[in-house]
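In what follows, a structure is listed as structure tokens, so that the remarks can point back to it.
Naming follows writing order (A, B, C and D), and every chain is counted from residue 1.
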């Protein structure tokens, strides 16, 4: 799908036009993005904190 | 008809803590065993494991009948009495109703229950509500089902606790008769039982 | 009298004493429905339109509220251990408890439902259907409510938790019951929804005792 | 397969490479699907709002997938007593609730321009997703309200199974209830008669959402394993 620069610009513009319902389309995508960001952050942070805690306790036990 | 209780290599875990490991015990007909051990050592948990309420992490609990091992579920539901700290009585019901229910439910008859009541001198209280009974009287009411519904294996968790000296002597007699009649008793106790017992230690 | 009879008699007397018997359930039922005209205004047309549906929803809530502590009292005072060591398995004990609950507060609610619905403006001709639907629905509410009560045993927080856990599961009977009443009053075919309601209720009677017994054993352990 | 994964160490090793790969696949699929979706010609009836479908419908699919995973792992944990299966169930519920929540909000935003109402009771799928959301809330409420971990786990597992058995019945009753109240016509956009130009981005986004759910689920299970390990280590240290 090789497009010259101007076409790329046009394609992007095409995608972003949401017509008169823009007020509903973008909030919907916004909510989904927020949802994903929260899930990813919560998941990754949870994994990191517990992993660190487990490793620290593992060292403390002299392993 | 349980003639023996076998506990082999039992380990019980509560939450993250392992209460005890490699606990073995065999109780045969005509024998009473006192479980001793520090508070929290797992005496109550062991009784509840034998009664089937707690699932042990490792180990096996078996019941032998006259003709070899019995089905565990039937043995428990037909041959075990368990008396815990709580007596299972409803405050707003009458003593007579609870007495008859507890005995009938465990396989006894109303007559046997009333006979047990006279034996444990509860007759004066029959028409009262459980609410007005003292702790000792409630414990005696709960004990009535041991006599009212004859079952071979008694699992008692500190049975003497709320009883006064007269009632303790009475319970001693009842237990002695039960053991003499080929019954088995496994009791978690702090103060010694009024009958000759073999002791089993739990915990370190 | 067999062991089952002994237990049934006990559970009936307990159910009767527990929620003040039918009095509390019907009391709540009436009180909640009185709120509706006060809130929506007395216009008969508006009230009549929602009478069947509102009766049905308030019936569900009344059923849930009147069963709390069904297992909890026995769990707290040690009777559940005694019941577990009885000749009948916990599944049967749970079934008998829910049936006692249905008889003691479900039946009076089913009797009260038509009266309340008609009071709100439903056609009196619909009364028999409302009674039957309330009876069947009450059965489903008693058994699913019992499941919620057993699950909440380990949590020391009955009441609202049971409602949060159980209400989504009540969607099918509420829909079937509401449609059955709706169709009956407007002359549409009402047998299918009624059979669906009966099917769901009987399914609940058949399956939930296993969940209740499992939850009780979990709480006991 | 379950026995193999039941061992935490083997699961940690497996998920160490599986989770990143799934994450990469998910990002690619979602980006591709959304990109195609944004370029789709406006629907004759709905105009641009049809673009919301490409995130609303996948979120609904994934939330149902999440509940199926919740029910499945609860069943395995209840019947085979795998501690890891319980960790999987516990890890899966919040994700399921989040996907259901997103699906509801996007569904409402989708319905608003077309039907003038923020919530469209007429759409059977929206209503069943709403009930699914309540089921997730019930599960999370029950689990949160029981302090003892082992008891809380089993009670929640029993509820998840009861919910799983009820899910098809709820779906049927809501759809059936919907066809009866034919008052307002249903939005056909999400229906089967979907032009391929709409279908491909929908499937891509759907696969992407599911892969994202899978990746996050694996990572949350890892977190749960470490949490339990940390707790038991702390306990042993205290008791030693």
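Definition applied: contacts are C-beta pairs under 8 Å (C-beta built on N, C-alpha and C of every residue); 3 or more make two chains touch, one makes a residue touch a chain.
Small disclaimer: the values here were computed from a predicted structure and weren't measured.
Visitor: Pick the pair with more C-beta contacts: B-C or B-D?
Guide: Of the two interfaces, B-C and B-D, more C-beta pairs touch across B-C.
Visitor: Using Cα averages as centroids, what's the distance between chain B and chain C in whole Å?
Guide: Whole-Å distance between the two chain centres: 37.
Visitor: Taking the mean of the CA coordinates per chain, how far is chain B from chain D in Å?
Guide: 49
Visitor: Mind checking the centre-to-centre distance between chain A and chain B? Centres are C-alpha means, answer in whole Å.
Guide: 61
Visitor: What is the distance, in whole Å, between the centres of chain C and chain D, each centre taken as the mean of its C-alpha atoms?
Guide: Distance between chain centres: 31 Å.
Visitor: Residues of chain D that contact two or more other chains, please.
Guide: Only 148, 150 qualify.
Visitor: Tell me, which residues of chain C touch at least two other chains?
Guide: 221
Visitor: Which chains touch, pair by pair?
Guide: After working through each pair, the chains in contact turn out to be A-D, B-C, B-D, C-D.
Visitor: Touching residues of chain B toward chain D in the complex: what are they?
Guide: Of all residues in chain B, those touching chain D are 15-17.
Visitor: Considering the complex alone, what residue numbers of chain A touch chain D?
Guide: Checking each residue of chain A against chain D gives 11, 14-22, 24-25, 27-29, 31-32, 35-36, 38-40, 42-44, 46-47, 50-51, 53-54, 57-58, 60-61.
Visitor: In the complex formed with chain C, which residues of chain B make contact?
Guide: On the chain B side, the touching residues are 48, 51-55, 76-78, 80-82, 84-90, 92-93, 97, 101-102, 104-107.
Visitor: Where on chain D does chain B make contact in their complex?
Guide: Checking each residue of chain D against chain B gives 148-150, 231-232, 235, 239.
Visitor: Which of the residues in chain D end up touching chain C in this complex?
Guide: Spelled out, the residues of chain D in touch with chain C are 78, 131, 134-135, 137-138, 141-142, 145-148, 150-152, 154-155, 158-159, 161-163, 165-166, 169-170, 172-174, 176-177, 180.
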